[in-house]
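Structure first, then comments.
Letters A, B, C and D mark the chains as written, and numbering starts fresh at 1 in each.
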Amino acid sequence: MAKPAFRELRHTYGFDEVAIVPGDMTINPDQTDVSYSIGNIKFDIPIIASAMDGVTDTAFAIRMSKLGGLAVLNLEGVQTRYDNPSEILSQIAKAPETEVTALMQKVYAEPIRDELIAERIKQIKAGGGVCAVSVAPANTKKYVKTIVDAGADILVVASTVTSAHHISKSTHGLVFEELVKQVPIPVVVGNCVSYSACIALMRTGVAAVLVGVGPGAACTSREVLGIGVPQITATMDCAQARDDYFNESGRYVSIITDGGFRKGGDVCKAIAAGADAVMLGSIFAQAEGAPGYGCHWGMANPHASLPRGTRIKVGITGTLEQILFGPTSLTHGSQNFVGALQNCMGVCGAANIAEFHKTEIVIAPSIVTEGKFYQMTIPTI
Amino acid sequence: MAKPAFRELRHTYGFDEVAIVPGDMTINPDQTDVSYSIGNIKFDIPIIASAMDGVTDTAFAIRMSKLGGLAVLNLEGVQTRYDNPSEILSQIAKAPETEVTALMQKVYAEPIRDELIAERIKQIKAGGGVCAVSVAPANTKKYVKTIVDAGADILVVASTVTSAHHISKSTHGLVFEELVKQVPIPVVVGNCVSYSACIALMRTGVAAVLVGVGPGAACTSREVLGIGVPQITATMDCAQARDDYFNESGRYVSIITDGGFRKGGDVCKAIAAGADAVMLGSIFAQAEGAPGYGCHWGMANPHASLPRGTRIKVGITGTLEQILFGPTSLTHGSQNFVGALQNCMGVCGAANIAEFHKTEIVIAPSIVTEGKFYQMTIPTI
Amino acid sequence: MAKPAFRELRHTYGFDEVAIVPGDMTINPDQTDVSYSIGNIKFDIPIIASAMDGVTDTAFAIRMSKLGGLAVLNLEGVQTRYDNPSEILSQIAKAPETEVTALMQKVYAEPIRDELIAERIKQIKAGGGVCAVSVAPANTKKYVKTIVDAGADILVVASTVTSAHHISKSTHGLVFEELVKQVPIPVVVGNCVSYSACIALMRTGVAAVLVGVGPGAACTSREVLGIGVPQITATMDCAQARDDYFNESGRYVSIITDGGFRKGGDVCKAIAAGADAVMLGSIFAQAEGAPGYGCHWGMANPHASLPRGTRIKVGITGTLEQILFGPTSLTHGSQNFVGALQNCMGVCGAANIAEFHKTEIVIAPSIVTEGKFYQMTIPTI
Amino acid sequence: MAKPAFRELRHTYGFDEVAIVPGDMTINPDQTDVSYSIGNIKFDIPIIASAMDGVTDTAFAIRMSKLGGLAVLNLEGVQTRYDNPSEILSQIAKAPETEVTALMQKVYAEPIRDELIAERIKQIKAGGGVCAVSVAPANTKKYVKTIVDAGADILVVASTVTSAHHISKSTHGLVFEELVKQVPIPVVVGNCVSYSACIALMRTGVAAVLVGVGPGAACTSREVLGIGVPQITATMDCAQARDDYFNESGRYVSIITDGGFRKGGDVCKAIAAGADAVMLGSIFAQAEGAPGYGCHWGMANPHASLPRGTRIKVGITGTLEQILFGPTSLTHGSQNFVGALQNCMGVCGAANIAEFHKTEIVIAPSIVTEGKFYQMTIPTI
């Protein structure tokens, strides 16, 4: 009997499986440029705060803008359902572990109000911030006019998995080609993880693509649905889509790696793997003044019939300035993200993000060995 | 000296080593069809409750049928040895840890009674259920007439490892070709894990094949006997056997992945890997009304001289309806299995199980990183 | 610049990385033959108790012989240094953790006595046992006459790593070719792990070769010296050497995998990988009547300047008969080793060990997932 | 659509992923030669104590020299900032966990004094030691005259990542070609990890290269910056650079693997992988008389805005003689490093380090299995 044709599977890699190789030349960190663009809007630092209720409110968005970054306001969270969202966020933060999922299912059952959408956008603009807002694809048509009229700068259309072609019973589903023509501001869409899904999204005319579905082995998308691609492979594949799309169209569409970050090294790896920017959630939930009172949860969490994830008490670990630029006395890489990125680019000899995309990445095992002896070796680096 | 010919080993993969890649298009979950067939019997949902004493009794089989699924009654367990099996099951549930193996060795030493076999089958039929019953190969000849006469719909002939050709001292061993011709109902056999064993079983004329031997690294078959193949590889190889057999014969024989499931994502992965349906044990032992009083054990457990596995207290976590269809407030994927499957098929753009078999699966490392920081990233998906 | 020639490393595998694939046909376990030979001496069961002071004394060697197996007496341990070794073994068993290495360094400094070597050999023969005794290469010349004259049946010459060609300042080193010609009994040598070292040893004329150096990641040879090859690869490579040597010489030299075994599945895997027999230490130290009073330690342990390993309290878990043949109420595979092997050969359709050597072995990940859900799946096999 | 060109990643390996294969012949350990050279200075043992404040002071450097090794004095630590460094080291050792990073940031803010540089060098020379001193590249020009004038034997220029070509705003940066011509003593530079960076450094004329950046998965360079290459791959690549450079130039430049060592086996693996010598930190911090009072920390630790690593209390485990040559009653390979190396070379049949570089290394999984049974197998080696 001839050997049957066994199905072959491709290897994929996440942050913990890889490491960056220092370059043959080095450059002083203060001579590195970490800026990037979404459409024609340029940002000094490639770090975005995610559209989560524990992370971004209007005040936080304004502060991020002033520091050179961006924070995206979630238009389907508590900010647009309640006049006083802070009160609701405080209830969630204080709820006992056993009641919090049920409480969130109730809180998010309250309707979204159009006038609150407009009000939040205007608050960010009034504060001098770049205003980026986020809606799910299913709700985009409903709110897009309000969003644009209120003066938003960037529209983010995001769900767990977004594709350029969605089949549904509704005959009036969202078509990205039409949306992009209709709105005068850059449209960011996601999330996706594969080359083909990413390039298809780029061909609809969007300004940037969010990359990341089920990035970690312990992610709820991976546990509940089985779907997901580790972030290094997802980023590399989508970066290839971006480069191929640039070759075919002459238009550069930034990719933003979203999810799974724990520390400075992860951000460096994502950008070395091809990301133009990264989107962080829980890290910013730990900033002084973040709206979640030191708590953090995903937007899939309050799902009525298939809730995923939990509220995590992350605590407050420092100011937003410390998280982005230091100085810090923490030694595990959860603060001074921009400093870490510039240091890493320096040892790789990369003067800017385009050069950093060419840095060599290797598969470096991350089997963790516990215990005293291993700890001892840390300082010998 | 010439290099010696080193023996090469093939890599295999289990649920924890792989992940499903979202598709280039997506489809609304409510537009997906998850039905499959065993012979000419069609089932709305591809989930089967296993023939274990803690999982399936007559009442449970009737409830599963009404919900579109199937539950298999074990004809060699307590149901056919005792008039009042519930009393025995309660004793097992209550036995102290140190005495339970000895108690089970004694309980299962009681003889199987023919009239109880007939009675249990008639109870399921009377309740309106599809009646599937399970016997070991060695006992099949002895009970097959009783089973068919009592009106069973499906005959499952299963052992840890079953092959199309068994060598034994007995000259009157079971021959599947003969059995299939003799009985007028679909015959399901297993378990097997390799392409060649699976296609050989299909060529005997059986209606479906159970796939799974020693699926997990901690499985007792793996620990005690060293045998086993992780479920994703086993499923892919047997799916290939099914497709090749379909090409050679024109007959479609469903494969049912059996064992090793922990959560919704695992079911999605098995079906994406090629399974037509899955068989779950411990998950259903947790349903309200399951016969095991919140306990679960394998049928190899009471083996007289080589017991394997232990009684596990799984507890009662919800209704059967919740386990299958939700709604749920649990977030780790151990309820709403059908909802999870339809969601996953939706993001993969698969309208039915045949399409879902073409979904890309990748090797995605599952090295678990403990601790607070990683947990924090869960909600950012 | 041309790409430099990076050094390539070969993958190797241990017990935990592989699994055995069931066969296309099956055979009743009671129809399998597990016998093997060392030279012209045939043994009914392919399991050998190792030459360790906590495992084998004269009484234990006699019992193993009567059960069809073999136990090797260490001629450089307490048995040949003390008139009453049991007293010394009891002291070692009772010594506090902090003092035991120092105590052993002292106990093993006592000289070996020729007359005790002769006496121990005669005791085993008088009891009706096959007498196998073990010495280090450096001491072989010194004791070989006494050993042969006293009537030993098998001479084992073993050290951590043994090669056919040893360079030393001594001009009168041991030459295996000469030894084999000089002694009228089968000579077993080891340990080795590579194809080339194994075939070189076989060419000296020895009757069997021990396989195993630093088999596990936590082994002291691996930790202290960095040396070692996981047992599946070591066994496969040495089995290839045996087969190639058989082809070139017509003489079949058994290989005995020695070290790293924890449970029945490991024994099955070693033999499926090509071993003719296995050598177990700690497992037998747990037998009722083993000399070590429930303790076990390696012979490298008392090394004067580079001690390796520790005394382990393994406890007494059953009779020797239970360990070899069951019955047992333990479910984790640490008893009924012969039963497990015959069961495994049965599901692989192997009627004898030569056939079992052809069984497929696959790489099956052993990343252990902790916790309740995984435990629950154990009985579903 | 044609398949996109997915980016391929190379596998790399660390100490825990590999093992050394014993040779086809063996040699008595006492006949092995472990000497190596830096420039024209020959050392009897290939072990160097690193330039860390908890490891090397003048007295320690003298003792290491007398034992055949080398210890490097850090000229930018407390030794050159304080008249009485011991007092400062004692404060660091005694500081509570929560205050130690801040204390170190303060201690290392004190200026370096030229006259103390000269004094420390003269103390080592007066004591009869080989004097090797270490400075960062940025400070080399400033201190080089003082260093040479004071009589140092070896100049080590090291930072986390050092390259042959550094881009900075300063027009008067360090150029290694110029430095090597200017100073009359051997110059050692590092650290680097790649073939191309290493050969570029060698071409500048340096006498030896330090290999090692972020060697372990838990290293702070890996966590904070994402950079690093596991030490076996880094060593193999740089050894290839050394051999290729030797072929092109006729000059042999030793490579010194620096960082990540925990035990004897790691040292053996590094040298088998191609290192001429190894540099250890925390191991020596445990020696009686080491300056750190049983504490150890990296020089990146007190970094003002991006501190990495922590002070580790390693304790005092034995004399320097025991750590290097034994005897020892410890069994886990953290003492008698030279004895372990010679034993390993013996079983590999390598008479000197050049021969040992040809030893086969294999990938041997290090998935650690916890629990009693595994422990039990340790002594069976």
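FYI, contacts are C-beta pairs under 8 Å (C-beta built on N, C-alpha and C of every residue); 3 or more make two chains touch, one makes a residue touch a chain.
Keep in mind that what you see is a predicted model, and the values were worked out from it rather than measured.
Looking at chain C and chain D, no chain is in contact with each of them.
Where chain B touches chain C, the two copies mostly use different residue numbers: shared numbers make up under half of all numbers in play. On a Cα centroid basis, the chain most remote from chain B in this structure is D. Chain A and chain C have Cα centroids separated by 55 Å.
Centre-to-centre separation between chain A and chain B, using Cα means, comes to 39 Å. Taken residue by residue, chain D touches two or more other chains at 10, 13, 16, 196, 263, 366-368, whereas all remaining positions touch fewer. Viewed as a network of touching protein chains, the structure reduces to one closed ring of chains, two contacts apiece. Chain D meets chain C in the complex at residues 10, 13, 16, 18-28, 30-31, 195-196, 236-237, 240-241, 244, 263-269, 272, 326-333, 336, 339-340, 343-344, 347-349, 351, 360-369, 372-381. Residues of chain D touching chain A in their complex: 1, 4-7, 9-14, 16-17, 50, 52, 101-102, 105, 160-169, 192-194, 196-197, 200, 212-230, 233, 258-263, 280-282, 285, 296-301, 304-312, 314, 334, 366-368.
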